[in-house]
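A, B, C, D, E and F label the chains in the order they appear, each numbered from 1.
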Amino acid sequence: MSHRICRNIARPDPQALRILGELGVATVHEAQGRTGLMRSHMRPIYPGARICGAAVTVSLPPGDNLMIHAAVELCLAGDVLVVVPTSDSTDGYFGDLLATSLRARGVAGLIIEAGVRDVADLAVMRFPVWSRAVSAQGTVKASAGSVNVPVVCASTAVNPGDAVVADDDGIVVVLRARVSEVAPLAQARAVKEAATRKRLAAGELGMDIYGLRDKLAALGVQYIDSPQE
Amino acid sequence: MSHRICRNIARPDPQALRILGELGVATVHEAQGRTGLMRSHMRPIYPGARICGAAVTVSLPPGDNLMIHAAVELCLAGDVLVVVPTSDSTDGYFGDLLATSLRARGVAGLIIEAGVRDVADLAVMRFPVWSRAVSAQGTVKASAGSVNVPVVCASTAVNPGDAVVADDDGIVVVLRARVSEVAPLAQARAVKEAATRKRLAAGELGMDIYGLRDKLAALGVQYIDSPQE
Amino acid sequence: MSHRICRNIARPDPQALRILGELGVATVHEAQGRTGLMRSHMRPIYPGARICGAAVTVSLPPGDNLMIHAAVELCLAGDVLVVVPTSDSTDGYFGDLLATSLRARGVAGLIIEAGVRDVADLAVMRFPVWSRAVSAQGTVKASAGSVNVPVVCASTAVNPGDAVVADDDGIVVVLRARVSEVAPLAQARAVKEAATRKRLAAGELGMDIYGLRDKLAALGVQYIDSPQE
Amino acid sequence: MSHRICRNIARPDPQALRILGELGVATVHEAQGRTGLMRSHMRPIYPGARICGAAVTVSLPPGDNLMIHAAVELCLAGDVLVVVPTSDSTDGYFGDLLATSLRARGVAGLIIEAGVRDVADLAVMRFPVWSRAVSAQGTVKASAGSVNVPVVCASTAVNPGDAVVADDDGIVVVLRARVSEVAPLAQARAVKEAATRKRLAAGELGMDIYGLRDKLAALGVQYIDSPQE
Amino acid sequence: MSHRICRNIARPDPQALRILGELGVATVHEAQGRTGLMRSHMRPIYPGARICGAAVTVSLPPGDNLMIHAAVELCLAGDVLVVVPTSDSTDGYFGDLLATSLRARGVAGLIIEAGVRDVADLAVMRFPVWSRAVSAQGTVKASAGSVNVPVVCASTAVNPGDAVVADDDGIVVVLRARVSEVAPLAQARAVKEAATRKRLAAGELGMDIYGLRDKLAALGVQYIDSPQE
Amino acid sequence: MSHRICRNIARPDPQALRILGELGVATVHEAQGRTGLMRSHMRPIYPGARICGAAVTVSLPPGDNLMIHAAVELCLAGDVLVVVPTSDSTDGYFGDLLATSLRARGVAGLIIEAGVRDVADLAVMRFPVWSRAVSAQGTVKASAGSVNVPVVCASTAVNPGDAVVADDDGIVVVLRARVSEVAPLAQARAVKEAATRKRLAAGELGMDIYGLRDKLAALGVQYIDSPQE
């Protein structure tokens, strides 16, 4: 398979993306049947960010960020760049210069299963990044890769144009074709959780709200009054 | 051994718990002879929290948080919930709904050798959690476990009712029977450290305060004047 | 090789150190040909610190911090203490008492390929530390090591008197003999980056600024218009 | 997406599979442009095995092997079972009983991004397994998953019916549609490597065979005669 | 708690130990309700060993093996030495000299949550060791620890005199008081598994033997005939 | 610092190398004061090999093995190639073709802090390799590095011409200038250990041979007769 750059990709409905972004990773992950979650070694470089946008994907060789440069002009406002090296790497493929360039285009943030640098500057800029490492180790611009091809990032398949939601809990991917279906499911879940939260805050128990007492009995769990029993 | 839930546990003296909580993990760990410290892969989800309370322990199967729900009503104000899956797991067993429920009961915080989610909400709530991972991966409520049984959390044995102290340095467990003995030892250590701190701040050296010069000589460590020697 | 403590070491030009400190790890690392960077498992205990100073190095046995005490009086204002155990360890070799002592001497900060404790206090003091772990596990003062000998810290060789620059991106070491050569190179790089940053912020692309379009063509990367092609 | 089991999948040409199996992971990986390789945390439970077959894929919840049982009857002789839990897990989902069942159907081996047990028995049976862990921790048969759906195993996408080649070097996946194209490419590569091997064994140098001397010169690498230069 | 060495410990019934050793880790772990399994980072230094004996436990400081020497004379023929440092360490606490000494006393093997050295010699001697690392890094004999006290090894509590079973699948601990109860349960399980193995080898399916078809239907898992459905 | 290849390096006395190779890693490590040991994540690709030779060192960029090819012709019979990428990498930089080439020159083996492939072939050839990973991931031959410069491999500094000893316990480096001094020290240690081994095999205890009983008493370790004391 030769290296290629795909100029045009379909993107999800912006209104649905906005809804997913407001609801956040945990709710969206639940709403789509607990699929699409990236593994937990991906962490935000500073706390408090939450983004949602269409994925522009980049596959590149270890130690080389040429293809990130190639991807910049393919990004539209609101997009999320998803970058994966073809083998394990913690190098710093991305820093404040690339962030400045993406910011100029309105890109929402970066997901990279590798390293990132200039993180103090990125925090000041409030340019959100989720990565597996922070490293000042620079990269070259010498070898070919691809833009807007299917990739696997942190054990999750990502296609160009899929919705990517990221916050302090991690990152979840929603297939483009399912975004409009998942958004109302996520909203419904949020409404339901708000009601439950209110009851729990008032002192009701999950044991009663979810009807778990019978389940415990059915599972043969025994109540005892003290450890010595 | 069948699964069981123990309703009543003995708890340490509240006054002693308050003292341990004020002094923090490093001091308490030292005061009890450097025992009871959990391994360092357990990290707080936000900096600055410090808690101390009696342990309510939960042993549960991987990917299933039923027993956390069962544990909630057994917690008293000031308790610390300690949760351990029976095999390695980074799933998110706990989020803002369970935190709301525990907060309603006055629980001080959560120690979990697994994952947690809704961490942005938990930080806003100031509900402190120490965990080995952050993950939005949900769990089911299908399988049996136990509440208030002895567990091993992060390589440290915890019995129900033991004192659990946690802060930015990690987590230390004090056996219930030793809490009242350790509290004054920890206070004494803090007093002594304050005196030492004052001397060090004034420019005195640990070498002199602790009498280490003779030890270095006895160990045969040689002083040289420059690297070329 | 017997254990030894070297009293006097040569230090780099203070003005050059000041320049390196202002420019930070990523720029300095680039300016000296991408050498001297410590591996990314070394992390700051709180965000936002940036230091640069001459290395005072410590080699010590696992679980024993005697040699840190021996090193304190050899530190001058502005120095950076670099501590490495002779085998893997996450114990807490350093806490607020030693930080108080180093602060009294004007030491800039600590780099330790092991654990550190009292991190909440250290953050309040603004005493910067880069470590591979946070742990309350105390150490003894019983066995010999060396001060101001060559060490390897986080896969990077450090000689006493080398410049150590540390910030949120990590830690880079500049050989003492090269500090005065690297400082102006780093300044030149910073100037050049500022110009590039301005152009990128205005919407110019790295593809054009760096002339990457021809390279992509030469590498045989194909542009396609849509994924179905 | 509901859980589902797909009874019938298309499989690659058996002759092409046989060729890939003879050539092994490194050669096949090269022949298909260095794609499809699983990450290196997957290791064989004993050395010396080499298999190639069509993937029957299993996605299952952590700590539950029900879906492996469901997959057995869908396997044909020569197939390779590929099993992935939906979240990180090292439990032992598979042991000598399941191996006996798969052996009875002529299954070639197992790839599992989790744990496996009874490994001494599996070695005696010569039933090859590649896993990320060995663990006696048992699983339950309680929750739903899917068979013959696309999965991501060790950071590589696997579709049912793709070719899976595994040996001591790891595991590589060849898309079903590309198997017949890759097999002759791999053969050609093996022939070429055999010729190169012969020349290298006779003392010729890669520097000359691959024409690397000019490249080194072009890259500005300098030859010096001794370290002091 | 001061350091102490307990000379006499109660040991389980030798006949029950023999039975557990013959059945192995996976069967014993199942037979006692899936408790007592050490985590999977503990690995044998060579394949094929299987041991079972009473635990003689050692708690020692990092980098110091004095207490292993103290433990030797407390071991009886058939015992298993269980060694845990008080903080994370991969040093080589044990080598062929200590193995020679233990062999002279008939000790069955070593479990150590740290490093071991001389592994080639140990393999030739067939002295079985399970460890978390192999390392030539030597230790000193300078600091106090304890022998025959409760320890936590690889996340599992071990009391002196508990039964320790180890093979290629890992290590499981059976409480001394439960050994005579677990042995016949393990035998019963082995008999049952042998019968199941015979049926599976003959081509019967676990789906039918365990009655899983109804469970899949109840869980709502759908069968489809081809991926396009 | 520009990239360079040093053609000529000084090597240690062959007779001393032969002695170190016969004695092995643990003994040599001890004999030179427990210095020079590489960290334990470096493992042999097959058990039972033991080598010792002069280091030919290679520093190369991630994902690029050009400089290994450049190094081949600089190796003499008996040398050991030591290869380190400039940033973290698990790619397979080396396989059976390069091994064939090195074998043709009489090279003793390879130490690489990265990945290696064709390990089944390498085992058949008995070409020994110590690496941190096994991976079929190929590399390119595009970027510059250096040969015979100082490197840091697995946290240990290695200069060209230093002695490298490797066996199942790991890898130890002896400075070239110290080889002739360390060899007789290692021999003396081996003689002493043989005598100790004989006494231990006859049932004498390390407690008595090393005079540890007084030390335990001095440390305040208490003997008790049973756990209940």
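One rule holds for everything that comes next: contacts are C-beta pairs under 8 Å (C-beta built on N, C-alpha and C of every residue); 3 or more make two chains touch, one makes a residue touch a chain.
Given the structure is predicted, the values throughout are model-derived calculations rather than measurements.
Among the remaining chains, those touching chain B as well as chain D are A, E. Repeated interface, listed pairs D-F, A-F or C-F, reference B-D: A-F, with more than half of the contact pairs matching by residue number.
A separation of 40 Å divides the Cα centre of chain A from that of chain E. Computed from the mean C-alpha positions, the centre of chain A lies at a distance of 28 Å from the centre of chain D. Here the spacing of chain A and chain B, counted between their Cα centres, is 30 Å.
Touching two or more other chains at once are residues 2, 34, 37, 39-40, 86-88, 90, 135, 137, 142-143 of chain C. Of all possible chain pairs, those that touch are A-B, A-C, A-D, A-F, B-C, B-D, B-E, C-E, C-F, D-E, D-F, E-F.
Chain E makes touch with chain C in their complex at residues 61-64, 86-91, 135, 137, 140, 142-143. Residues 1-2, 32-35, 37, 39-40, 86-88, 150, 152, 155-157 of chain B touch chain E in their complex. Of all residues in chain F, those touching chain E in their complex are 24-26, 29-30, 34, 37, 40, 43, 47-48, 50, 167-170, 172, 193, 196-197, 200-203, 205-207, 210, 212, 215-216, 219-227, 229. Looking at the complex, you find that chain E touches chain F at residues 2-9, 46, 66, 69-70, 72-73, 90, 92, 95-98, 100-101, 103-105, 115, 117-120, 123, 133-138, 141-146, 148-149, 160.
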